[in-house]
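Read through the structure below, which is laid out as structure tokens, and then see the notes.
Labels for the chains are A, B, C, D, E and F, by order of writing; each one numbers its residues from 1.
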Amino acid sequence: MVYVTRKIEFSAAHRYHNPAFSAEENRRIFGKCNNPNGHGHNYVLEVTVGGETDPVTGMVLDLKELKDILEREIMNRMDHRFLNYEVPELADQIPTCENIAALIWRLLTPKIKKGRLTRVRLWESSDLYVDCYGDGAK
Amino acid sequence: MVYVTRKIEFSAAHRYHNPAFSAEENRRIFGKCNNPNGHGHNYVLEVTVGGETDPVTGMVLDLKELKDILEREIMNRMDHRFLNYEVPELADQIPTCENIAALIWRLLTPKIKKGRLTRVRLWESSDLYVDCYGDGAK
Amino acid sequence: MVYVTRKIEFSAAHRYHNPAFSAEENRRIFGKCNNPNGHGHNYVLEVTVGGETDPVTGMVLDLKELKDILEREIMNRMDHRFLNYEVPELADQIPTCENIAALIWRLLTPKIKKGRLTRVRLWESSDLYVDCYGDGAK
Amino acid sequence: MVYVTRKIEFSAAHRYHNPAFSAEENRRIFGKCNNPNGHGHNYVLEVTVGGETDPVTGMVLDLKELKDILEREIMNRMDHRFLNYEVPELADQIPTCENIAALIWRLLTPKIKKGRLTRVRLWESSDLYVDCYGDGAK
Amino acid sequence: MVYVTRKIEFSAAHRYHNPAFSAEENRRIFGKCNNPNGHGHNYVLEVTVGGETDPVTGMVLDLKELKDILEREIMNRMDHRFLNYEVPELADQIPTCENIAALIWRLLTPKIKKGRLTRVRLWESSDLYVDCYGDGAK
Amino acid sequence: MVYVTRKIEFSAAHRYHNPAFSAEENRRIFGKCNNPNGHGHNYVLEVTVGGETDPVTGMVLDLKELKDILEREIMNRMDHRFLNYEVPELADQIPTCENIAALIWRLLTPKIKKGRLTRVRLWESSDLYVDCYGDGAK
């Protein structure tokens, strides 16, 4: 088994706000992230696929196919978007790094047919990232 | 003369839209950056101050003072903001990296009293940055 | 389960010297790191906390609380310090990256109340880092 | 147990070509990587050794010894080489990142006597890397 | 005047060899870079264009146009190539970082119509880069 | 003219203290950097040499010679040293990034015989660096 990781970047805006909280609670819990107009990030996504190396191609999976999947599932959905308003799966969630990474896991895992998704790492900034792993993954 | 550069980061959202253009022109010229809800970035700002090294302190300027200036003039104004709606100086401009860097130049240059502001470099993403220089600067 | 990693940096000096060795042995084993006056590094610390995402906040833990813990336990103890002389827990140890990382693990693990500390990664330079993991951690 | 990771870099050329394929198939499967003259990369290798910290030295292993092993086994074999023609172990394989990383694993694992090799990570470019792990490794 | 810099990456192989030298001289002067089969790098290119910001678009130049120029003039010519054999302009030169950067300057400078090319920076590895500047540039 | 930049790293300790100040003034002006035991950094040094490319070698200067100069003049003097006590040229100065960079400029400029030293950039941490330039340099 080897594990191949591909990195991509996307830019998005978001806002942290829970309608069940009062304005004051939202401000206290989410701080500047509760700013009504939102703010944004350059997200860096690392997607890891584990599998056997195919002896004919020397590859675990075709990186062009992986790129197409990432384009279709992630870039089209999230790049240059305001995540709260334009990504339906996040409509009822706080679009934290934790929740976005978990959504990316759910979006990608059924699409990877050669090998198996073993880790999604999402960087929100140069000092913060979140990892999601599948069962039995490294 | 030596030149001291300090780096800081802030997160902000923005949208490119010129009300003088039709919807179609805006889309053609600004592409995904015209998305009505906006998107965002982790901006990295490098501020360079040139001057003589003070023999008593070994420093061109007090970095704590510079940090206070950056906090007051840049972080408070731009961090966790939607630039189009919350930075009045950008209200009538497209908030491109060019225009934000030029604004930062105008905001900082009168505040630097020890030494002289010689360059503002603003990174919008890992593959794009803009430089503004003063007269006679390196 | 998701895993949140926060990065911080601190600057410290240290010296490798085992009083049980002769001067020559110390020099042979520790090389330039045995220099009597010491030398220093910009340490980069990555702290990983694993846990369930709280559906109300979208977070595994409050990052402001984590920042306070890191400030109190790590920055106050180690930043701008000479580790051999100013960190009592390292007084009888060689302050290698291995030993500092293990100490950070011991300092932080009882303080993380929401989620669980699962990895401490300490970079001593751009080409050397050490990882400590807890039981059952990724 | 702690895990020490050392990073090194080497520069090499390679070409993807399977003689069992037609020219057209090679082009379709390997794209620009099939270019007959080859192309190249700055490879970044991260080697992780896990073990107990020796209380006398504060180290899992002697980093000078590790450096010698990496120099002898990896740098001498691969640095400034055309991998297809100059690394005999890769002569019958496509020199993909997967296959090079697996070879590095096989070359290094018997040479690490203090501690145990637990991960080989090989970066081919800033957006692609491959990991190989041993049994029971993190 | 502001200065916009765009970064791109390409992978290429090269070999240092001057046919006017003896084999021994080539080896002595160029060291491992004289290896007959060649070796390779991930080159990182930073292209800087200086100009006035257009008040209508907020931009010095259209980054999509710049991307097209870089694709046509640089990527198509150099990416996934063996520079000695596939870039005719380098056929009679040692393809050092100095000569490649100077060639990129000559290729790009007539193509930049809005603003003016003011710097080409070419990284051959993480610890080596070369700059070419035009007249009067920063 | 082209400009070649080589990067190297060294680790050193230092302390900011002016014996002409009272203890309280030292503490107020230099903050944590006044800690009596000192602290340290991984310094990153970028040395730029400008010159004509030699048509016979394709190089501005022999990088092996530059490496030897940097080894002899900088690494031997500063790497794994406590700068205040072991670098005589800094004995009467505060070893700030400004003063260290200026010293490196003075040490290197007479040693560069092929081409001319045009910039010394010294990073003290990932968010602070200092530049020294010669006359007429870019």
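Operating definition for what follows: a contact is a pair of C-beta atoms (placed from the backbone, for glycine too) under 8 Å apart; a residue touches a chain by one contact, two chains touch by 3 or more.
A quick note: this is a predicted structure, and the numbers were derived from the prediction, not measured.
Considering every other chain in turn, the ones in contact with both chain E and chain F prove to be B. Centre-to-centre separation of chain A and chain D, using mean CA positions: 28 Å.
With centres taken as mean Cα positions, chain F sits 41 Å from chain A. Of all residues in chain F, those touching 2 or more other chains are 126, 138, listed in ascending order.
Pairs of chains meeting the touch criterion are A-B, A-C, A-D, B-E, B-F, C-D, C-F, D-E, E-F. Residues 16, 18, 20, 29-31, 93-99, 101-102, 126-133, 137-138 of chain D touch chain A in their complex. Residue ranges on chain A touching chain B, taken from their complex, read 9, 11-14, 32-33, 35, 37-42, 79-82, 85-86, 125-126. Only residues 1-8, 48, 53, 55-60, 62-64, 138 of chain A touch chain D when the two sit together in their complex.
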